[in-house]
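Order of writing sets the chain letters: A, B, C, D, E and F. Residues in each chain are counted from 1.
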């Protein structure tokens, strides 16, 4: 049975869900991964009002859509980040507040706990038979040491450790809340180990251009892959004047060494990705996170849905040489 | 006129031909290359009963299918092989007998002679106009020296020669029988020269991962290519822990350096293959030998039929600069 | 709005336009780029007879086709070339005359002036609203120094300069005529600077196999790209016995290092081409110049039209992270 | 005349210059690029005591060494950086002071002005004939926006502009001091335009692994290359689990996507570098910045000196086909 | 301290050791890895005569050579192999006997036990201080299932298992003898796990052309690498008509896909090999197994010794940024 | 025995041979390949004066040099070329005459006949034992159809044939003269078949950048390779704005796609070249034709001589597994 093909709504937050839902359907999607911003999914309302979540389902079902995950990258990012003015634009006003960094971080952590509960409320209200596996919240976690990624001044391992300790202190209470809600958390990219609610929202686009072996990633972390973002990127198409760190260029600048591309227009080897996902037994949704500064998004997202469907072939139940092996039995008949 | 697209039935021997025929049609094939095992094509019945071969044609025609070749890899392989217990599973009981190696080899040789005659009987009974070229039996030949492929202990050229001599002694009588039956024999992979009934069933999948230039192969042996298997493979997708000799891994193991893949999912450059086949004037069937441990076979074989059709473009009758060259004539009109 | 997909009629000059027009339509084209030979477009008749150009439009419109450019490669080539017997086959008799080289060159120059006027006449008669940009005549210019491309005997820069001077002397009067006619001239391949009517008919197939960075070419000469030929080539598919200069081989010879191929069957990276054309704001036609000695031309040209349409995706009006950035506004609503 | 081969002393600051100087000579160097830390070059003493700089020259000359540049990366880095605890380890105590960020930045700026004057004092005291070109101080500049290199939260161009403005405000007074001292400033890596004292200390190792075309860099900024660091790096030798951003790994970790390597052991194409430096007319020193966590530094730095000498071939005064061209003159003699 | 560079004497067995020893010295080697054939090292004499081993040492020392390992590939290979006539040429007469396969295998096993004891006798008699690590015997093990490397007829995992069981039964007693003798056994290529005396004689030449990641091999099996053969190979230099399995060609045939080459003339990336050996802490000999059908062996082996010495750079005791980090301390002095 | 390493004197024609000879010796050469221009070798004097050729040998011997070939590229080129003003600079006045093309061609042909006789006179006068193989004259042949290398206007095969016919008519009498003189003619690059005096002066630099497989060339034409030019080239190092045809750029222009380089600084795989030359049994000189616009020629030519010596390893007399194979014999001793 092919996997559901869903659309992550984050890049479409300028459209109300009531507009986006029929569009998603017409572009060929089976469902959505709801962003916790715009009017797509408000976690505060979800925990306080059963009607709110029922209305969401009614809207989705009216357009033949399902939902298998929610996503709160923006607030998650603020939990550990060194907060600066750029965060104001991406945070809800009640998390930003007065912008004092530590206060922002604490309110963001609280909001993530709410998100776990909101996801539980949403999926408890889901019409039809319950799913075998827990729902997923995807997100970033932020980092207090990301600015030190290029190690000059020399960055000792103790410095990194402080970042990990800070991370553990801030996120463990959140993950406990996820556990109580029976919801998984799917981190994009960075690895943090240990808590059983902590796994990955696998996204090859971030790994490929950095030279990380994203196929090996799937095989290494198989059981901890809770969700998959289908997103493409290309690299090596710039003019050689801007490196992989991106210089100060915006996305779409032709000088860039790498950029996000619509599915099938980039350099990710998706054939290898799907084989590896099959091998590790991933059965969750293939969620299109569509970003391509160069293409009309409706054109691109429709094309992407078709691309994913073509890619997601059914796996074999038997080995092909079984027919040979059974040969004498057959001959005996 | 495009070439017929056929399905080799060897990997489908667990299905009776009566089930496979409508399936092959619905997956988009023009015909089948019948395996001489399962109930697909019994060479003994074919030589003794005209009704048997008429029934085959009736069944095929009922589903709009043709047949252009039969295939007896398994028995052919036993003609020269060092027989061991693994052969029991792939040989018919009357060839295996008591399993004494030399006896097995002799009975296999006799069965190949019968196969030539059976092919003649089958194609003599073919409804409609006769084909311009003789029918083809595809197969392996086995080898008494294959176990020495890695030359340690050092393998002198005299040792190889003994293998070739053994081969000639065992196969020349078989090929004489093919000549009498006006049937060609299409060997998969290995080259043996000299007899006019001996040619190739070209299959790029075996050659590509070994580093053999399969396009050059077509151009070198052009006139001796009697049949073509369309089969894909990939290589260089493993994890570096298993080499091209395959270690002890089974197909589908992600550590393998190479594996068979459904058409279009591997690394064979089929554009170069089809251009070369056009250049040498090959006009026979393009027969899909479908093997991909990772994919549902009905999904894959249907996709493969469409893939071959898209690939098999019509060749040009004229040079494109003819329009330029004829220019003054036109202008004179 | 996608760009119009047109067919260059040069390779179809053996067919009268009355036959070619319905064929072009059925193969999927929006229009044609008319060759000034065969009976496709006669520049002398076009300047002398309004009825002639009206009849052309009537014929095109009857088949739902438009026209956005005309092409006179053959005569343009003769303006500067060292004329030899091979030119006779490609020139109209009144330009060839007695074949005396300087006379041929002068008559060719005069014919190019006529071509500018003929293009003006044609596009003045175009039914419907006028286009925002001037029409284009595509062509070659010839060269008095091309035979010295491989610099032995040593070719001093002064020798090249003589070629450039010759070029300027012969072409400036022609370009003045283009200016008076408000028509652009699109040169294929070679760069000549200075006159505002002089630009490029960009064709990646000529550049790719030579190792020229055709994507960089677009970004460098953006505003001077007046027309685009969509044409593919492959290279590195020969057998190593013939180099990039082509030896004495004809197109289609399997030993060749390079050859023209139907769109999508070669090695041009069209994804990079279309992104670059989008970036420099090219909005003109994508005109298929179809040449593939290996393929039936109707099969190939139909496939090519579909290929170009799939490639020519709509560009984005907004940056994809705009949805993130607008996030608080949305939340404030 | 080959260029002088010098050793940057920064990685040898644990050795007093009196120990390092004979070692540098024995490893094959012509001179040193003095680091402004350890006891190698103290800028405060240099501006206050003529004896101090005379003693430096006496020490260097005693070991047959010259000096063509000084380097103050560590203090320069602090001028614009967001200061954190890691800077304490790399800054002199009088610059660090109480560690209050803005104070650190101001004191660092003041120290860079002193560095310009110290360089002037040093090179004024140089024995022998004066050099034609001004001396060079190499260094970093720091950046107030480097932590935003990965643009999430979305980083608008206005944000980058604030960083550039901050940079200009802090560095312009420093560059004025350089101008008064007739000393050039050679920045490693990042581009900042406009002031005539501002140029580059070209170092291919930082550019190569990021995918920047370092040969194109030389040709683009030819005249602004004030100094050259010869330093190698390799990339693509990791195990695919760590990307180009480096994860949290230390140098030398086998999982890393890239690392610094001793000259000739990495992936920089130095043949292309030296040809480009020849083409743009760079005649300054080739200064070895030796860093390879995997190799004994004395072994490596000696090997590196020999490597650079072999690489730095003399350029031709004449074109090689001149001998052909002059042929008839010779024949006439 | 650099590792000793030794010469494996197997390819020089036509020379008596008394001739080979001075030659090895003059070609630049520190010692030899003695082959247990020719007159180089007779295991029967070594266990029965103290004088025999003392004479060996006297001969080696007279030429300034040491010995760190012995090698008995030929006899080891016979322990599990399917014995055929080719083994006669490589086995001593007392092992071959009447050639009856099982008898040959048993006598070979017994000879390997003797080899362990002979190695102990040899190294007990070694002049000077004892080495910290046990001596090594290198060798092959043979295999009862190697002929099934290409899995047709289909080779089930149970079939492989029988091979492993056979291996265990035959080799465990031998390894027990090695344990009693305190000698390690270094297998070339194939992996067998479990016994603490069982490890690898790492040889990249066998792994590279098969597509095995030989650098990853070192990092995976680090502690079990008992010995290293420095041997090069090239691949992809044939003419495309013979694949990686070698066809029936002899070494040196220009059609071959791969071949052994003198060190530095092939495609093994030895820089990566030496870095990995440094990382896993291998401190044993680098033993040149010299095989290149194309080159005079004295020329080649001398060049190879120099190649290995240049490659085997000393590793660093400290991180290169330590000099930065210690900076303030220095400044404080 | 290694092959003699010689220097082609064509690029040094500005130096009298009396100056060049000691320089060649000091740069490490064993001999020279004399150019028939400058004062290096005057063919008219050589046929008329025994003293002239004796003096040449005396000069060469005084500097320890030998001579194995002479070269007359410039005059040979004029035999078939379409003569233009550029030829004047490269031809001797008595060949150029009044410059009337056909007259120039005839006089050039006569001069080539003289060259054959002059070579015979030179080598007859050679001191010491005679060589086993005939001497070689290297050269170009010119071509009447080279200007048509890019086939537009379309170039029919009949057009090429005319060029071949012209070539045969002009060169057959010259080759007859070579036969009478017992001298071979070694053509650079282009293939012409049939006459036993006609072979190749193999030069990989011309073939590599064009994409010709120069290793296959050696294996195909083995017995007809009369002489070898060691010359390197690089390609793919330009900036993408100039293609392989060279545009109008001069050598050394950084935009060029390819250029000649000093030996070892380019992209020719000389390891493969030397292996192939060994395989076909070529035993003649390895003659350095040194051209690198970027490098001082004395520096470069000395480096090139050392490069060739290092490359030209002695071949093996025996197969390396012979030592294994002889093992039992040895054991029997």
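Brief remarks on what is shown
In the analysis below, a residue touches a chain if its C-beta (ideal position, glycine included) is under 8 Å from a C-beta of that chain, and two chains touch if they have at least 3 such contacts.
In this text the structure is predicted, and so the values were computed from the model without any measurement.
Averaging C-alpha coordinates per chain and comparing to chain F, the farthest chain turns out to be A. For chain B, the chain whose average C-alpha position is most distant is D. Comparing the residue numbers each copy contributes, chain B and chain C share less than half of them at their mutual interface. Here the CA centre of chain C is 42 Å from the CA centre of chain F. Averaging C-alpha coordinates per chain places the centre of chain C 64 Å away from that of chain E. Here the CA centre of chain D is 46 Å from the CA centre of chain F.
Contact with two or more other chains is made by residues 74, 89-90, 153-154, 156, 216, 239, 250-251, 321, 324-325 of chain B.
Only residues 215-216, 219, 271-272, 275-276, 278-279, 313-317, 319-328, 330-333 of chain E touch chain D when the two sit together in their complex. Chain D contributes residues 10-14, 37-39, 74, 88-93, 96, 237, 239, 250-252, 254, 260, 262, 265, 290-297, 299-300, 303 to its touches with chain E in the complex.
Contacts from chain C toward chain F in the complex involve residues 74, 77, 82, 85-87, 89-90, 140, 146-155, 157, 159-160, 207, 210-213, 216-217, 220, 235-236, 238-246, 248, 250-251, 257.
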